[in-house]
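Pasting in a structure now, in C-alpha cells, and then I'll have a few things to ask.
We call the chains A, B, C and D, going by the order they appear; numbering starts again at 1 in every chain.
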Amino acid sequence: MSSTWGNKIKISIFGESHGKAIGVVLDGLPAGEPIDFDAVALQMARRAPGRDRSSTPRREADLPTVLSGMLNGKTTGAPLCAIIENTSTKSGDYGNLDIVPRPGHSDYPAFVRYEGYNDVRGGGHFSGRLTAPLVFAGAVCRQILERRGILIGAHVASISTVQDDAFDPVQIPEELIRRLSSVYFPVLRAGAEAEMRQVIEQARLALDSVGGVVECAVIGLPAGIGGPLFGGIEPMLASMLFGIPACKGVEFGAGFGAAQLHGSENNDPYEITEYGEIHTKTNHAGGILGGISTGMPVVFRAAFKPTSSIGREQDSVNLQTGKNTKLNVHGRHDPCIVPRAVPVVEAAAAIALLDMVL
Amino acid sequence: MSSTWGNKIKISIFGESHGKAIGVVLDGLPAGEPIDFDAVALQMARRAPGRDRSSTPRREADLPTVLSGMLNGKTTGAPLCAIIENTSTKSGDYGNLDIVPRPGHSDYPAFVRYEGYNDVRGGGHFSGRLTAPLVFAGAVCRQILERRGILIGAHVASISTVQDDAFDPVQIPEELIRRLSSVYFPVLRAGAEAEMRQVIEQARLALDSVGGVVECAVIGLPAGIGGPLFGGIEPMLASMLFGIPACKGVEFGAGFGAAQLHGSENNDPYEITEYGEIHTKTNHAGGILGGISTGMPVVFRAAFKPTSSIGREQDSVNLQTGKNTKLNVHGRHDPCIVPRAVPVVEAAAAIALLDMVL
Amino acid sequence: MSSTWGNKIKISIFGESHGKAIGVVLDGLPAGEPIDFDAVALQMARRAPGRDRSSTPRREADLPTVLSGMLNGKTTGAPLCAIIENTSTKSGDYGNLDIVPRPGHSDYPAFVRYEGYNDVRGGGHFSGRLTAPLVFAGAVCRQILERRGILIGAHVASISTVQDDAFDPVQIPEELIRRLSSVYFPVLRAGAEAEMRQVIEQARLALDSVGGVVECAVIGLPAGIGGPLFGGIEPMLASMLFGIPACKGVEFGAGFGAAQLHGSENNDPYEITEYGEIHTKTNHAGGILGGISTGMPVVFRAAFKPTSSIGREQDSVNLQTGKNTKLNVHGRHDPCIVPRAVPVVEAAAAIALLDMVL
Amino acid sequence: MSSTWGNKIKISIFGESHGKAIGVVLDGLPAGEPIDFDAVALQMARRAPGRDRSSTPRREADLPTVLSGMLNGKTTGAPLCAIIENTSTKSGDYGNLDIVPRPGHSDYPAFVRYEGYNDVRGGGHFSGRLTAPLVFAGAVCRQILERRGILIGAHVASISTVQDDAFDPVQIPEELIRRLSSVYFPVLRAGAEAEMRQVIEQARLALDSVGGVVECAVIGLPAGIGGPLFGGIEPMLASMLFGIPACKGVEFGAGFGAAQLHGSENNDPYEITEYGEIHTKTNHAGGILGGISTGMPVVFRAAFKPTSSIGREQDSVNLQTGKNTKLNVHGRHDPCIVPRAVPVVEAAAAIALLDMVL
C-alpha cells in the first residue's frame, strides 16, 4: 500500500500528525519553472485550520521549507522536497486511541493493518494534516499548468443540506475561476456562505459536525488529453481525489444524475462556434469522453463525509479488554472541513492533470 | 496514457472492437490456482450482449482462448493471456465516424488525441466490447478471492428513475451475493426487474437510451486491507471502476449522501458481537476507514450514463468541412447497458481487491 | 515478480515455450507510426533458430500476428498486441524436468518459486523462445526511433575466447550500423565469423556449448536524454538487458575496463568540432554521464553465458526421491545462442530508449 | 526521468549537494521493525568522506534526522523520511561549472537536459553525496532482511590493477560477511588494503584518480525469490546498482567470464548435501537462474570508474563562447571512491532484495 502516486510526476507524501515534520517529494517536474511562493502561501493558508470559528483551533504556521529541487526561484528538474515542521502538537490528548478506537476514524483498521505499531497520535499518517503537503504540491503544479493556460477553481457546492449554485459547465469564465481559487470560503451564490456558516455553527454548538460537496472546474485544458480505460482523466483524477481523507464520492459532469437522463438528453451535441472552434452545446460529459478531454470545461464533484471528530459521547470498544465502552473526546473540534477541502481538491486535480499534460 | 493497471497484479487490456481480437494479460497471479472455466463462461455470458430485447443484437460467442499462464486447469504463475476473436463485425456501418463524431462517444477527443490514426470502427479501443477481457480477468481473480473467503456481488440499483432496494450494508448474506453474481439482471426487490425492463423497452421504442446505477458489495474481506492516501481501497477501486466505459460516478458507503449527514449519524459505532468480534452497528463508511477495510461489507455504487448510441437524429459537426451537420446512426442499438455492467463492476472490484489482498 | 516493464511504454510479455502462443502487448506507442513488416520479419529471422548448423534444429515460422493497435499499416495509439503461435513443439522431450532439474536452467528455482505449478515444458515462460516477442516489440520501436534519427546496431564481440574488433566509440558510421543490424552473424573484423563458427562447431561436436559477448551501439541519440539515479540510461537499459535469458553481465563504455584506468585517461575531454558542435575526443563514458546522453554514441556490452542445454551427462538430483542422480538430455542442442542474441540486445535497447525518448 | 524506484518498497531520493538538505522517503516498509540507529550510523560512517587520506577532505556529520515513519524505535508502516542537512558547503568553488563542463561529470548533459536550470553546485542532484540517503535506506532495509536471515557484505575486489581475492561463491561464511560489512576498507586478502592504499596515494600525488570493482555477496536468501524476464533478481539489482553514480558495469556470478566458459564448465551441477538440502557444487550462476534465487550465495560485482574530479588541467569547452578552453579545478580531491562505494553497493542490494522478499 502506497503514499506514492503518479506516472510522469511521482509524488510521495510522508509524515505523521505529531511527528517531527510532514512533507512531500515531487519528482518529474520540468526544469526552469518559476514558482511564486506568495501564491503557494495563499493556497496553504486556504487549507490551514484556525482561520475562523468554523475550523479547529490548532493554528499551524504550515510554512513549507523547500529542501531541494529549487534554485533562484525556479525548479531545477531534480526532485522537489518540501517539509512542514510540526511544532504545537500536544500528544497527550490522544493517549488511548490505540485502545479505544474513535468511530469514523482509521484507528481500528489501521491498528489491525499495522499490528499496533502505527503512530496514532492525531491520526498519525492518516491525519487530515497530511493534506498540507498535498496542497503545497498542487500549488506548485497549478502554476506550471497556468503557464500552459490551464486554470483550476472550486467552490463549496453544499454543506449539509444547504446548496450553492452549480457551475454552468458550458461557460466558466476565467475571472470566476481566479476568484474562487483565491478565497477561503468560495461559493457561487450570494448568501450561500452565510447559510452554510450557520449550519456549521449549529453543528459546532451541538458538539457535532457536517459534511459537504466540493465542485471543481478545470478550464483551458485542450482537447485530446487523457486516454482509454485506466489511463483516462476520470480514473487518474479519482485515484487522487479518493486519496484525500474523508472523500467518499466522486462524479464527473452530470455524474450520478446522468444515470437518470435519457441518451438524447445526456449526449452533448457538437457545433462549430463563430470562431470556427468545435464545442458542445451542453456539457453533461464534464469535458471528458472516453477518458479524454473534449476541450470543454472539466467539471467534477467530490463528496466529503462529516468530520469524524465530534464532541459527543460515542459507542466504541476497548481493544485490550474486548469489552464495549463509551468514548468521549474532549477539547474543541472542527465541525466542518469542507471549505478547507476546496484547495485540497484543486491541488489534487492540479497534480493529476500535470501528470497527464506533460 | 495507459490501458495497463496494477501493482502486484498487472493487467494489460488490448484490442479494438473490429480488430482481429481483443484480450488481456494478467501478470502476477499466484501459481497453482485452479480456474473453473464454467464459472468464467457464466460471467462472460452475463456481460455478453444479445441475451434479450434489452440489449444489442450483435451476438458474440465471446469464448476466450487462454494462450498462456494455465496448465492442467491451474495457473502456472506466468502471465495469463486470453484472447477473444472478433468474428461477426460489419465495419461498413461505421464508415464516416472519423468525419462526423457521434455525441457522447469518444470519437472527437480520440480523433484529436490520436491525430486521426485511431481505429474508429465500432469505437475501436474505446468500445464497451473491451469490457469482455475485463470480465474474463475478473472471473479469474474472483475465484482466487473466493478461495480466500472473499465474495463479490452486485445488483442493478436503478435504471433511469426506477429504484431497486439498497443493500443493508451491515448484513449481507452469502446466499444473496451468490445469487446476484450468477444471474443476468440481478435485483433485490421483487418486481424491480419488470419495471426496469419496461423503462428500457420504452427507451428502445423511442430510439433512445437510459442509464443507471450498479451497487456492489464485497463480503469476507478481513479488516486491515488497504492503506492511507493513494493506496487506499477507494482510490484503487475507483481507478478501476472509472476505467469502465460510461462510468461517470463512484461512491463508497453513504457516499454523496454522507455529505448531508451529521457526524453523529455518519460515524459507525463499534461493538463487540456475541462471538467476540468487533464490528460496527451501522456501515455508512462502506467498510472502509482511512482507506483500510474495517471487516464490514465493502459497499459502493457506480453510475453509468445512458448509452451514447441512440437512433435519433443528433447535431454534430463535419471535421473535414468544418460545418455543422446532422447525424443519423441507423440500425438497432442497445438502449441500456446497465444490467450488463453488473458483472463488469464485479470484475473490476475483483481485480483491484486481489491486487491488494495478495 | 513481473514480466511487465516500462514507464511511457509499457511492455508485457506472455507465453510459454510449449503453450498455445507467445506474444507481447506494447502500450503507449505514438499513433500514426507506419510499421514496415518486412523490416520486422528481418529482425524476427535474425533471432529465429535453425538458420544454420550453429543453432538448434527446431524451425519456427515465428510469423507474428498483430491482433490490435495497427490499422492500415500504422499504429493507432491503442495497445499493440502480437502473438506467435507455437506449432511444432514436441512436449514429450521434456517429461521429467520437474523431477530432475537441468543444471544451468531455471528448472529448480522455478519449481520452488511456483511450487511445482509452472509449465516446465521447453523451459516454459523462462524459455529463450520468449525473446521472439521481445524482438518483435523492439523491431516496432526501432522503426519509430529511426524516424527520429536514432539507429541501433550490434555485433558479436566474442564467442568463447575468439574476439571480434571493438567499436571505435567516437566514430560509428551509419552505414556500419545499418549493415550490422540487418545480417545474421554481424562482426566487425573480416574472418571473425569463420573463427567463431569453428569454435561453435567444435562445441557442438563435443556435445557442449559456448557463450559470448554482444557489443551494441546507438547513434543519433541527442544529448540530454535520461536522468539521475534510477532514471538514468544505464539502469533503464540494464533492467531490460538483464531480462534477456542467459545475460549475466552488462557494461557501458569502458565498463569494467574503466575500473583499471586513471581519471586522467578515462575522463573524455570536450572539444568544439569544426561544425560548432560539442563532442568528446574519447568516449570511455559510452555516451552517458550522470545517466544522461552526451550526444556521443551510446556503447555497451552484454555477456551471455554458454547455452545451458548440453548433450553431456551431468550431475543432478531427483526432487521426488531426494537422491543424487545423473541427467542425460538427448537430441540436438543449440551450442551457441550469441549470434541470435544480437537482435535481442538491439531490441531491448530500442524499447528502453523509446521509453526515454518519447 | 525518475529518482524514484521500486514495487513493494518505493524509494524516493531527493536533494542537491549544496542545497538545504538531502534525504530519502521509503514507502512500503513493514510495521513494527525495530531499527538500530547505531548500526545505521556505522553504515553512514563507512560511506562518509574524510576518514583518511584516501578520501575527500570535506567532513560531513551526515547524521540523518528521521522525520516520519518511526515511533519508539520501530517502523510504523507509514513512509519513513530521513534528511541530512548540508552544512559545510562552499558553493563558491563551483562558480562556472555551468559554463565550462568538467570532463567525466554530468555537467554538460545535465545542462542540455535541464536547459541550464539544474543546480550545478557540487554536482547538484548528480553528486555522489546523494549516496548518503541511499546508504541510510539500505541500512534500514538490511536490518529487516537480517531479521529474516539474509545478510549482505561486500569487499573491494580491485583498485586500479591491484586485485583482492575473490569470494568462494559456494561457501561464504556468515562471520566473513559480518566482518566485511562493518569495516571501512574491507578486503579478503591480507595485504591487499596496503597495496590498494599505495595506488590511491600515488594517484593523489599525481593529482589523478583511480577506479575499482566491488564484489558483493548475499547469503541466506532462500531459493525461489525473483521471477522471469524483467522481474528477475539481475534486472532488479542492476537497475539499483547502475543508479549509483560512477557505476559502469555489473555482472552476476561468473559474469563476463562466463562468456568464455563452456556450458559443461559453467553449468552448476546439483547435489544433495548430507543434511538433505539441494545445493550446487559450483556457483557460476551467482545464485540466480532464470532470474530466481537458487538458495546458493548471490554474488555480483559492480565496476566504478575513476573519480571524475582530478587536479590536472583538462580540455573542455566554454558553453557561452563556444570556444575550446582549458579547465583547472583547484582544491583537494578524492582520488578513489571505491572503498566508500562498498556500503553503497550493499545498501542498493538491501533495498532491491527487500522489495523482492516482502
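Some points to look at:
We adopt the following convention: a contact is a pair of C-beta atoms (placed from the backbone, for glycine too) under 8 Å apart; a residue touches a chain by one contact, two chains touch by 3 or more.
Predicted, not measured: the structure shown is a model, and the values here were computed from it.
Taking the CA centroid of chain D as reference, the farthest chain centroid is that of B.
If you match contact pairs by residue number, over half of those in A-B turn up again in just one of A-D, A-C or C-D, and that pair is C-D.
Here B-D and B-C were compared by C-beta pairs in contact; the pair with more is B-C. If each chain is reduced to the centroid of its CA atoms, chain B and chain D end up 46 Å from each other. Rounded to a whole number, the gap between the C-alpha centres of chain C and chain D is 26 angstrom.
Chain centres here are Cα averages; for chain B and chain C they lie 39 Å apart.
Listed for chain D are residues 1-4, 7, 13, 78, 113, 125, 228, each touching two or more other chains. Chain contact summary for the complex, chain B toward chain D: residues 7-8, 78, 228. Listing the residues of chain A that touch chain D in their complex gives 1-4, 10, 12-16, 19-23, 25, 27-28, 31-32, 65-69, 71, 74-81, 83, 113-119, 124-125. Residue ranges of chain B in contact with chain A, taken from their complex: 1-5, 7, 13, 101, 103-110, 112-113, 125-126, 130, 158, 160-161, 203, 206, 208-213, 222-232, 234-236, 238-243, 245, 247-256, 258-272, 276, 278, 280-281, 284-286, 288-295, 301, 303-310, 312, 314-317, 319, 322-324, 356.
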